[in-house]
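Shared chain: subunit A. Partners: subunit B in the first complex, subunit C in the second.
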Partner chain A sequence: MLEAFANGFSGLLAGFLHLQLSNVVMIIVGCVLLYLGIKKDFEPLLLVPIGFGCILVNIPLANLMEPHGFLRTIYDAGIMTELFPLLIFVGIGAMTDFSPVLENPVTFLLGAAGQCGIFLTLGLALALGFTELDAVAIGVIGACDGPTAIYVTAKYAPHLLGAVSVAAYSYMSLVPVIQPPIMRALTTEKERMVVMRATRKSVSKTTRILFPLVITILGGLIAPMGLPLLGTIMLGNLMRECGAVERLTKASANEIANVVTLLLGISIGATMDGKIFLQTQTLIILALGFIAICLDTACGVLLGKVLYVTSKGKINPLIGAAGISAFPMSARVVMKEGQKYNKKNYLLMHAMGANAAGQIGSVIAAAVMLSVLKGMGII
Partner chain B sequence: MKIELTSPIPGKIMKVLVGVGDVVNEDDEVMKIESMKMENPVYAPAAGTITAIGVRENDEVEVDDLLLVIEEGG
Partner chain C sequence: MDKLTFGVTMLVVGMGGTLLTLGIISAVIALMKKIFPYKKEEEEKA
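Showing the complex of A and B:
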């Protein structure tokens, strides 16, 4: 009788006995992510489910990521099939107004410059000895765009998914901290004070409907490997701009995006098993991701300086920093920095243009990279 | 001299911080405009007395819409 009690008790203690140091560390990491999301308001919609998923997967014997575990089922259904990031993209397209780009097409260049970090970091990762596919996944952190990073990593380097997505999302929320020092270091006070007036040019509805169609067809023909990303974001945008399917637009931007964000977050958290996550490789990936975003910002601002010169001082180089796809955070950073030096300066709309261009730019950059790699026979 | 302050960005007037007859200094905050889910302060273009206000809270504004008029030096 006593023995039966003892056995029963040891059953309850088994979880504790199987707890390894790596699990304990990861449960703490999960709590830190929750703290950042809940208390510090860093991307809470993502960090809360990611942090909790991380805690769940590190509790031994529950086997949530083993075959038939519920986290494995969600992961296989949505991440391995790349469906979750694509559904999020429909929502992003439905939420994004691309008219600031169309009003000021020069911002397209800034949106392209903001992607340089992807390619520079790809080179850096190759130099550090990562395999081609791993390097692609690491470089794509420089897209500064969660769904793009998850899509590419899930497809070509799924073992890095936890590290890459944590890097992508945490740096995105750190954009207001990472960008300003780089912006200040690369510009003169005179350049930062350049006033850019918002224009009242309006873009016709026809243009706004044609834009997603043209981008999809042209972009798809140039870089077919990236068509899933480009096609979904542009489908969302077409639905938004045509105004004929308001219910679908709202569902994509709200209900679908919310449900998928929850499932995406928890399955990303579930990839953060201590045994896999706690490697020096993860730290290197976090460091490379940081470098990627710094390089993006620097390239954007430097092109901004070129435009400052070619426009004879009419373009404020700060808006170049918004050429990354962290939308709309980096446009807000630019607005704030600009007003710091000249209270009558409102760079917001111009920065939004560069920022929306960066959104498309990151997708096109990833698509081009994949198509080039395909051409080289690597994937 | 009358100086007109027009809206620098499209958005919604969140707060009007001054009233007609108020004396303001240059670069005093006079309004807050919400644009792109961001709160943007609007500053007085010159020192003087507010003689007219063209908008109310919750109004939608476009670029160049009249926000207020300042009688300079007032």
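Showing the complex of A and C:
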């Protein structure tokens, strides 16, 4: 009898006895992510489920990520199949108004410049000894676009998913801190004070409806490997612009996006097992992600300076910083920065154009990258 | 393929391809705006 009691009691202590230092550290990391999401409002929709998933997976003996564990089931169903990031993309397309970039199509170029960090960081990761596909996954943090980073990493470097996703979402929320010093360092006060003319409405409904179709067909033909990314975001946008399927648009932008965000977040958190996550490699990935976003911003501003010169001073180079995909946060940062130097400067709509271009640019960059990899026979 | 060749190819073809694709999209959108110009009536309807 006494032995049965002791055995039964040992079952209650087993969790504590199997707790390792790595689990404790990761539970603290999970709590920090929850704190950032809840108290600091840093991407709460993602950091809260990610943080909680991280805590869950680091409690020993629960085996939530073992075969048939509930987190493993969600992960296999949505991440390994790439379904979650793609469903999120339908929602993003349904939520995003691309009119500002259509008003001024030249801003597409700023959206391209804002992706330079992807390719430069990929080179840095290779130089640091990462394999080709690991370097691609790390570089894609520079897309500054969570679903794109998750899609590419889950497909080609799933062992890096936790680190890449946390880096992508954390830095996206830190855009207001990361970007301004770079913007100030690369521009003169005269450039920052440039007042841009207000955009007038110049895009017809037909153009807005044809836009997602053109991007899908053209982008798909150039970079077929990225068609799932392009196709889903553009499907969402077509539904929004055509106005014929309001129920589907609302469901994509609300119910579907919300449910998938929850499942996506918790499955990413589930990849943050202490034994796998707590490695020097994770710190290097976080550092490279930071560099990627700095390089994106710098390249965007530098192209903005080129446009400033070619337009004879009509374009404020600050809007180049919004060429990254952190939508619409980056545009707000540009607006705020511009107003610091000229109270009457309303750069928001111009920056929104560059920011919407960055959203498309990040998807195109990932699509192009995957197609180049396919062409080289690496995937 | 060595890592240097891979990295340089990705930088040149990848970044170049991205810039080219967005450049083409930009030109196509500018063309579409000419073919389907915005009409004042659209604003009134909206």
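The working rule: the second predicted complex is superposed on the first by the 379 of 379 C-alpha atoms of A that agree within 3 Å, B and C clash if a C-alpha of one lies under 4 Å from a C-alpha of the other, contacts with A are read in each partner's own complex, and residues count from 1 in each chain.
Note that in this section contacts are C-beta pairs under 8 Å (C-beta built on N, C-alpha and C of every residue); 3 or more make two chains touch, one makes a residue touch a chain.
On a predicted model such as this, the values are computed, not experimentally measured, just so you know.
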item: Touched partner set for A:L348, first subunit B, second subunit C, both or neither; value: first
item: Partner chain in contact with A:M335 - subunit B first, subunit C second, else both or neither; value: first
item: Contacts of A:L109 with subunit B and subunit C, given as first, second, both or neither; value: second
item: Contacts of A:L238 with subunit B and subunit C, given as first, second, both or neither; value: neither
item: Partner chain in contact with A:T199 - subunit B first, subunit C second, else both or neither; value: first
item: Which of subunit B and subunit C A:C294 touches, first, second, both or neither; value: neither
item: First (subunit B), second (subunit C), both or neither touched by A:L87; value: neither
item: First (subunit B), second (subunit C), both or neither touched by A:I256; value: neither
item: Contact breadth on subunit A, by residue count: subunit C or subunit B; value: C
item: Subunit C-contacting residues of subunit A that also contact subunit B; value: none
item: Residues of subunit C touching subunit A in the complex; value: 1, 3-4, 6-11, 13-15, 17-19, 21-30, 32-33, 36-39, 42-43
item: Parts of subunit B lying in touch with subunit A, wherever the complex brings them together; value: 8-10, 27, 35-38, 40-41, 43, 45, 62-64
item: Contacting residues of subunit A [partner subunit C, same complex]; value: 102, 105-106, 108-109, 111-113, 115-116, 118-120, 122-123, 126-127, 132, 135-136, 201-207, 210-211, 214-215, 218-219, 222-223, 357, 360-361, 364-365, 368-369, 371-372, 376, 378
item: Partner subunit B, residues of subunit A touching it in the complex; value: 197-200, 328, 331-332, 335, 339, 343-344, 346, 348-349, 352
